[in-house]
Each structure stands twice: as structure tokens, then as C-alpha cells.
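In order of appearance the chains are A, B, C and D, and numbering begins at 1 in each one.
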């Protein structure tokens, strides 16, 4: 039997770099197993081999954390707007825990059970109702004995605090991430103040995930760190950003971009962008560094390669990757061999190949948030009339 | 026992649309199993589960052809420039055949054995030597009884004709693809003339793969078709382009772009670009339609969805995809639900999110081709001195 | 004898729109009469017909203000860094006053005498020395009896306040403009606070000129207005921005852009951009609306055309301009006639025609300001050694 | 009395570089004296001081040719589509000749009388009618004794040949320019063949003007030169391109671009682009080098500065311009002084400052040419009904 692994807090307390995984919903959507729109994780039951394979690729690329593929697996979300599924949330959550554990055992990784914001909150359900929804997912995580918990992808700090309170009851280490940028949460609560509230609620690790590009997220976590330190508190920090460039986003992030979710390709970060991100995050004092939507295994590998000096080793997948493009020394064409060097890739400004397209977009900004009728949960499908109203409104923006 | 599947020529003769698969080397590089530079397919032996999974994703997405993952698996390539491998070409080719067959049997797909251009040709080896290299790969394909053969990724029509001559000896149907654009092969032989030579050598299917974006490749195949028809010959046509926009390429395609191979992200085609491609290819009279480097499963799914009216059915993976974004009707945010319509995605001009980057690049153009000393095969690694010369030369371009 | 014209304050007090002129140094540089680098206005003496012609074009286009072409005509600037001139500041200032008055008399325009920041201030000369430099210019303006005075292009509010104090002694109306954006002056004093200090020093009109694009400048003046109102003070507001798009500027404006001053062409605003600017400025409560570097006569005409409903008349030059492109109805090509309509031009996103160029730049940011040795005034030319040091430093940025 | 100037052919025969002038209609439109749409030159009578000033600026900048400001001054054009003018073509042509002569006498410049294509030709009038229209303009040029004649801006070589035939009758040297690119005239006659016909008709100088950017025009003239030489003929060559980048144009040039004529700003060439153009033109064997629409005086100055080594002197306006930015040595900011060097400006890729705009456009392509009803001359204004039809058609393109 293998010796027990170090827990998440032991690692962070010891100053180790912990590398997260990448984005399951977006990667599996492209592989054909997740439906964009509902974004629900029934593939854990329907196609376990596909989910297992993606876990393995992140592990090979250097991830120390296997997040259970349970994003949006709360029952209120599974039943929203006509998404007909033949599985309960519990079934999906259980299968996801087993897959994460199976692969985590193949390497030096921990299993993290994840919960995220609920449609119930946006529909103005009570604190008790929202907490009950979250509690149902947690019961599975406790039964399956995950190593720690992550509450992530919250746009409103109030709901995130409720989530932390529920998670704390399990006795497991708790990480909490908002999906906000430097402007703060949907009510304008600053990143620093958000972090303070999360720490006070009991989160040992706080940070940001999704919605913005790496450098923007690092900036937001930096503001969190400054807020926590100013308040005389202590915490660890994590960041799991998008793998998409989002210089043109407003406060709600990439959801507002006209390209979301089916035209984001030109924004995908290169591996070299990831080197810069990993370095910046580390220098900022963030030691739990991973990714969210858009992060593919090679993005995580780039993070692991940048931080190899600090960690003391390369990830397994680097057997298939030359440092800073060194593998190109074996290319047949001489001008490609000439690209086998760091300064070439570090200074490249990659072209889009799209001369009819701009470099930035004007984000949508409908200005609706929690409580607005358009955000109400409904179990029936969006009706034709509802759609027509939306289309008309979008034309007049 | 299942009834025998219809062969490739029967399908094309009957006017059916045959959908190819996507790009294995690039997809598996991003998943951590192939090394950019040598680009050799030893993962078929080392990590069969990863190769099998990718085959399955393409099958789910609508592919009727499982190409054996044997690109560049000729012995002269496997041994080039210090690429130390512990497998022989035969071992890799055999494993790749077994994987392709296993997955093909799970659906309505054929197995195609593939060979491509050899370093030996560029090193000015004789016709006999080049043919012997190709013959070695073929022996495996015959033993494993693939359904048909594809000679692809040839820059020089002369070598492609040699390949077709070798392949014909097996008695199996032969497809032949050059990696050229409308300007023709590296010696300026026009697409029309190239196609005529390939058909005369015995290829039943001719076309173009890799090196250029979809619309450019379709244009080149159109010129092939016109050439073949003008010569009073008959053939079927295929196209398997890049999934990267390449408006700025010169005759040697994306290899020359400064972004090749590690900065191509902003050029990746969206699924909507793929709809336009599939329609254009079909309208041109090309019925074997697939992809090459950069094609992920969702790209193939988009091809299959565009041609669903002609084929009469959707691919399996469309269970997880709403037609023209229809799945967004289930999104929580109203402005994203408003994007659930064809005209939105068809007219979108996606932004790059990279305001410091241009839309086009100046391709490298070293003007070296077959026989140039820089292209000579060598089994030892590129030396430091050789690299220094290359770097110096690249600076003065 | 013509009836006396209404003065600047009478006009603004009556709620009239006052249209400023455009940018003389940039326009005359392109016409061959001003040298980029020193940017001094000796053309007023050397080529009066060229200066007179430009005044006339602005008058025809709708300007109500003829600013004397005396930018940087302080003796300390005229003698800086080897700029050998055969004229004294007084000679230039006198000639400029005569030209402005001559053309102003041809229409409904006032003459404004202008002073701007001095190299002496950046070289840490005393308040008395700086004021003495400014006083020398003023003596001419008083002798020539200009209608009012503008202190403009100050990066430091301290120096601007000194200038206002000197100007007030003449008894003429005083306008004061800083060349700052929303981030405030070079010491971080906010636009609101800057405006308060200028009003308290005696300026009746305050605002912003140069350094940023129109919308950015309007935003900064809006902040000034809010500051003044919050302080319980009263003022009129003016704005004279660049005619270049500068979304990528940092606090020191377009000087820092790599394109300054010889590569700014792709950033030039169209006449339609000017319509939007004029409307926004007016809606913000700014009634003295003009332009600075890059503004050509047709830009001022566009401002006057946008505000024709408020002013009740079109400028003379509109005889040669159809409203919103209406003149195109007379074009020979039908597809150009089809562009003779407002919504076409209002929605156009004009292409750069430069596919190898980006849309934004990284500004220089040397972080030197008042008092730094690199900013010291010197009468001898920049030496070879000094240049070499600068080049080396620029490479390492 | 001054010694007689060398004629245009003497200069070119002696191998001298002859520098043309820039674009009057676009420059004077921006200054407020020409109406976009009809583009007619009545300013020669209405505002002679503005036309004289522009002539002088080009002379100062190095022009050896003062073209009479008589573009589109044929009576059939002056009366087209409701362009109400109170001057006859003869009055305008006479005034323009006097202005050109007056300024030419101030320096080393010749006067060239210019004619261009007629609406009558597009309206299918007979050869005799078209020639009569052209003859009317010529009578003035002969009476005013211009130094040579230029037939320019012809889209159809047939009409250009007619023009050359008429011009030859005067006995003066004749230059002939088509407004075509490498694809040839509107009927697909190649540049080489066009040039041969023009030379055979009697033109001593042939070339290209307007419609395309400098490098494209040089390429077209190169093809003309090759055609003429292949035919065993002899000629001199000239080029007077746009000062706008047009990589995205189809055969009819910038008229088709959506930005024509009021959104072309981002495409304006920098002075450094002009250096490259002048060098390329000279190296191609073109010795009469000027500009057309968009060329401002500083563009011509850049041409003259690039060719100063060949000509042996700088233009007068270079007193106000440092070689390759040398004047920046006198700038107050050190980082701007650091830009006072050739390699800085030669390698700059200027940003557009327009992140919401693309780098290229899709040109209009209505496919109408000579004889199409939409191109017919009509003296009454375009009617509301005609406009509505055009708008509707433009929406459906």
C-alpha cells in the first residue's frame, strides 16, 4: 500500500506549488460529450472512459488536483430549461468521484469535490433552500471521502459565503473561488472585501476562477491577497483562469463577449502565454495554480514546465515536449529548426489569420443580475415567445 | 456477425458523402502523447488508450474513415535527427492498424492505411530506395487487411506517383493527396496536371490534404477536378485541410508561417467556419471530406451536421450539440439564450482578443527544396553548430 | 465699420456653442512649414501665406476662434537643443497675432493668444523665472490686443496655475487647458482637483487639450466639471483633443506611443468619429469645442455640421460637403451612390489596410518627469553620446 | 528672363528623376474646397488662393510637374447628376492653367494639362462624341501653352487610346495613365497589352495612376514595361498611385472598398511607406514618380528625400524635416529623442488604434461596367426612387 499523500494544506503550508487541472466542460464539449448551453456533467455516467482519459491527460501534464467532474451537477441546474437527463445529481456526482479517485491514485494527485453557484440563488430562493441544494452534493463527497472541497464559480460573494459555511461542516479543507475580476462581484464588492468575507466564513484557500484571462485573474487575486493581509488575516491563494484572452470584457467576463461560447477560438492562449501566466501567479504569491474553461492538457503542461525549477521536476508529458520548442531541432525543414529557441517563441506576436475580423469586441451588457425575471429558474424549455423577445432585444442593443 | 461494410469506392460510386477523420498528430500533441518536431506516432504502442479514445471521438463525430495512426512511421523518418525510439516502424504500424480496426468495428467506418512523403526523397535517394521504404509500411497494411490505402502529404508529385505505383500493387483502392495549394507542387506543377499524373498512375481518389486552410484546399481540388475532366479521365475527389486560417501562406503552406507549430491558436477555425467549408466542398463535387492538422472532433461534427441533409442522419455526438447553437436556449443568461440562432453565428466576426498582434504574418521563404543540403536526412541530432547557422540565417531573413 | 463681435464669455454665458480651430503644428508639418521635433512656429514669419491659408480653412469650416500660431514660441523653447532660428520669440508672436486678426476679421471669429508649458519648468527653474518667460509672450498679446487668452498644453497643474496667474494680470478672459486624461496630471492630481485649482487661480474657462483622443478628453473634462461643481464653483468648459485614436495610451498620452509623431496615420479620426465626439462633448455640457494635433479643416467642419441644429447654421465649407455623405448621390458608380446615407457611415468599421500591423501598441514608459536630467533644457544640440545612451536605453525597455 | 526649362522628354531621356505632384481633389476636399461625389475642380475659379497654395506646397516638397487642376472638368461631367455649377469647363480649365503656370515659374517645374475618362464613354457615346469632349479641354491647354499633356484615370484602354490620339494632334509630348492594377483594364486587357496599345497610339510616357496603393501600381507598371519591351517598342514610364493601402481591392480598386471615400483614414501611407515606394519604383525603371488621391505634400517630400542621392539635392521643404526623423533629436522627451533614427521608423508596424475594426474589408463588386444602365450619364439629380433601389441592392449584396 502506498504511503498516504500529503494533504492540500500540508502542501501549501510547506510552500509547495500545487498545480490544478484544466477545464472539463469546454474540453469535453469539443470532444463530443458535453452539451454547450446546459453544460451539465452527465458524461461521468454516460462516457466514463472519456472523462477518465481527460483526467489522465491532466495528471500526465502535471496536475496535483483531480477535480470531480461535477460542475453544475446540482439538481436545480440539471432540471433547468428542458434539459432532459435520465440521471440524478447523486448518480453523476458518485460516478465523478470514482473517476477522479481512480486517476488520482495513478499519480501524486488529490481529489477535490467541487460545487458552484446555483440557479436557485439567482431565482431568489432563500438561504436555507440554496444551502440545501449544496448540501445534497456534499453528502456524496463525504461518502466518497474526497480530499478537500472547492466552492467555485460564484458571481455573488453572498452565495459563496453560504457555500463555504455548508462546506465547513464536513471538516474537510475548503477552497473558495469567485468568478470575478478586479471590479469585484456583481454588486461591486471589491476583491479584497470578498476575500475577507470568505476567509472569515472559514475558507483556508481563496481565489478566482473562470470568466477572465490569466493575467486579469492574477490581478484580482492579488487584490484579494492585499485585502486579506490588510485585515490581519491569513489564507492561501489559488487561481484558475480562462485560457482565452479577454481584454475587452466588462465585469461579467467572457459570458458577455459576442464570441461566447462558439467563437472563442481566436482568443485561445498559446503555451507561451501560459509560461508568462505561471510566472506572474507565482511571483504574486499564489501557489495553487490551475485553469478553467479553455485549458487543455498542454496548457497545464506549460504551467508545470515554467515552474519546474521551483518544483524540481518536469511532468510526465514533457517527455513529449522539448523545452521552449527544443523538439523542433528534429524538424525536417531548416527554417523550422531555426525556431527551436526561447526568444523566438517568447517574442512572437501570433497573427489571427482573420483579416476581416477585429481584435476586440463590444461585450453585451444587459445589466440583469440576481432576481431579474430573465434569470429565473424554470424547468420547462425556453419557449418560442421567450426566444423571440430575447432576439428582438439583442437587435436593439 | 455484422454484414460486410460497403467499401470506399462503392460508397463514392453511389454518390454517398464519406466523412474523414481529423488530425491525430496535432490533437495528440496537445494531449501530451506526440512530440512536436519529429511528429512520430509511437503513441500507438506507448499509449494505446489515448489513440483509441481519439479514434472514438472522431467516430462519434461522424467519421467514416479511421486512418491508421502511422503518419511519418517510415523507418527513415523514425531515425531522423536523433529521435531515439525503442520501437520499429513495423511495431508502430501494426499497433496502429489494430486500434483503427477496433474502433472502426464500433461503427460505420473503414480502415485506411496511410503513407506519406519520406525524408529519403528529399535527400535525393533513388526511386528504388524510396519505393522500398514505402513498401515496408505497406507490408503491414496488407497483413492487417486495411480496407483501402491513402498516400498523403506529398509536396512533390513525382514522389506521390511513386507511392501510388507501390500502393497499387496491393490490389486495394488507392487515394492520393498532395499537400499543395492552387500554385501547385514544389516544382510548380499545377494542381490539374498533378491530379492527371496521379490518376494515370492508378489512384481512384485524388485530392489535397494539410498545409492550407479549408477554402484554399477546396480551390486546389477544384483545379484538380477540372484538370482530370479536361484530360477525359475519371476520379473521385477528397479534401482534408488544416483547421487553421492561412490567408498569408506562400506555396509551402503553414510550415512557413512564423506561428508554426506553437503559436497557431488564433488561427483555429470555429465550427461555423467548418459548416461553410463542408458546403463549399460538397458543392464543388468533393464527396470525401475530412480534416488534417488542427481538426478536433467538434470540427468533424460540424462537417457532419452541415451535410446531415445529404446524408440523412446526424452523428452520434450531435446528441451533445444543438443545431446552430440551439443548445444555448438552456443557458442561464438571457443574452446568451439570444444567441441560439443560425444568423448570429453565421455572421459573427470573432475577435482575437490580441490587440498587440496583427491579422497576418510574413511567411518564411528560404527557397530550399528537394536536394538542398539543409534538407538532407541525418540520423544524428542537429548539432549546436548547425543550429547556430540556422539561427543566424533566420535573423538575416 | 463692423459692429463689435461678442466676446468669448458673452457667447458662453449666452449658451452659444463656440467652435475652436484645429492643429496647426501637425497640419503645417505635413504641408512642409514646421519641423517635427522642435515644433516651433517660425512659419508665421517665414511663410505667412501658408499660415493665413490654414486659418482661412478653419474659419470656412466653422471655427469661431483663431488661435495665434504661437505654440512653443517662448524664448527658452526656441533656443532649446540646437534649434537655430533667425527670429526672436517676439517677432514670431507679433506676426502670428497679425495673421490671426486678419483672418478673424473675415468672419465671426475671435483671436486667442496662446501660451503653453515651458522647458524652464521641466528644468526646475523658479516660479519667478517661469512666469517671466510667459510674461514676455503676453506683452505681445496685449500690444496686439487679442480677444482672450488660452494657457494650454500643461502636464503639471502647478505650472498651469502660475500661467493663469500671469494671464489674469492682463484683464482679458482666461481659458486654461491641461493635456491630461482621466488619470490626472503628471503627479496624479485628479482632473477634478486640477480644475478647481485653475478656477480658483482665476480661469473662467477650463478644460483639456491634446495628448488623448476625443472621447478620452471629453471624459476628463467631465471629471473636471464634476470637481468644479462639487466645490461649489462655476466655470465654462472647453475641449480640444487629438484627432488620433489613443485607446492604448498611458498617462502621458500619445507622446509615449511608438507611432509618435511619424507613424500616426492609421489612427486619424474620420469625419464620422468627429460627429460622435461633438455630440458627446455637447451633451456633457462642454460648449467650447475644438481640436488639437491631427485636426484638419474637415474635422472641424464635421463638428460644426453635427452641431448645426444647435447653432442654427452650417459653416461655409459645407457648400462643398453633403450632409452625411449626401454628395455621393452624384457619384458615377452606383454602389458609391448607395453609400449616400447616414446609417452607412455611422456603422462603418473602417479597415486599416495593414494586415501586418496590430490594432494597439505598447506605449513607452520611461517614468521620467519634471526635474529628471533627461528633461533638462540645453541650448546646444543633443550630442552623439547623449543619443547613443538614449538608443541603448530604448532597446532595453 | 530665366533660361528655358528642360522639357519632360529631355529630362527623361537624360535619365533624370521627375517627381510628380500629389492628389488635388482629396486634399482640397479635406481643406473644404471640393465636393466629394462630383469631385469637380471649380475651386480653380472660386478659391484660387487655396489651389495656388497647394501647388506651392507640392513644389516646395520637390514636384517637377504642376498638373492643371482640371480633373473631371469636361462639360459632360460638370453637368452630371444635378451638380449645379455657375462656370463652364473652359473657364475652369483656363483658371487652372494660369495657377499651375504661376507656381511652376516659381521653381523647376513644368505644367501638364490633364484630361481623364468621360461619363460619355461609360454612356456608350460614339468615338467621335468622346473625342469631341476631350478636344474641348485641349483647346484651352493649347491656348495656354502647357508644357505637356497627361491623359490619366482611364479604366478602359479603348477610351485611353482615343484620348492619346486626340492629344497627339497638339504636337505636345503625351503621357497616358490607366487606373488599373496587375489584373488589367475593365475588360481584362493585361497591363502589358494596354501599354503596347498606348505606345502605338503615340504616347511617349505610359503608366498607371490612382485606384491602387503604391506597390500594386509599381507592379502594374512593371508589367507594362515588360509588355512594351517584349513588343520591341520604347517608352518612358510613370506611376502616380494612391496614398492608401489597398491590399483587399479587386480589379476596380479603392472605389469598391466600403471605406471609399469617407472612411479611408486608417489606410493612409506614412512617409516611411513612401520611401519604400520611391525606391521600388526607381529600381523598376520608372523615372516619373508622383502620387494621386491621398498624397499630401509630405508624401511627395518623402519621395524626393528617398531619391535625393539620385537627384543630387533635397527639396526646399526638407529644411523643415530631419532625414529619417533626425529632427526628433530636438524633442523635449528623451524617449522621443531615442526615435531619431532610420531603423526605428523603417521597422515600425504602426497600430490603428481601432481595436473594433478589422485590417481588411470585403470590397463591393456589383459587376457593372461600360454600358450598364446604372452608369448612364444623366444631367438631372439622382432621384429618390433611384436611390432607394440602390440602397436595397446594397443591402442584399
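Here is the rule we go by: a contact is a pair of C-beta atoms (placed from the backbone, for glycine too) under 8 Å apart; a residue touches a chain by one contact, two chains touch by 3 or more.
This structure is a prediction, so every number in the text was calculated from the model and none was measured.
S.K.: Looking only at C-beta pairs in contact, point me to the busier pair out of A-D and A-C.
M.R.: Higher contact count goes to A-D.
S.K.: Let me check something: if the centre of a chain is the mean of its CA atoms, which chain is farthest from chain C?
M.R.: Between chain C and every other chain, the largest centroid distance is to B.
S.K.: Just the number, please: Cα centre separation of chain C and chain D in whole Å.
M.R.: 32
S.K.: Between chain A and chain D, what is the gap in Å from one C-alpha centre to the other?
M.R.: Once rounded, the distance between the two centres reads 58 Å.
S.K.: As a quick test, compute the distance in whole Å between the mean CA positions of chain A and chain C.
M.R.: Those two chain centres are 48 Å apart.
S.K.: Which positions in chain A are in touch with at least two other chains?
M.R.: Expected reply: 248, 349, 354-361.
S.K.: Sort out for me which residues of chain B touch chain A in the complex.
M.R.: Chain B residues touching chain A: 29-38, 49-50, 53, 56-57, 60-61, 80-83, 119, 122, 213, 244-248, 255-272, 296-298, 301, 316-317, 319-322, 325-341, 345, 348-361, 364, 366, 368, 374-375, 381-382, 386-387, 390-391, 393-394.
S.K.: Name, in rising order, each residue of chain D that touches chain B in their complex.
M.R.: 349, 355, 358-360
S.K.: Okay, in this complex, where on chain C does chain B touch?
M.R.: 248, 354-362
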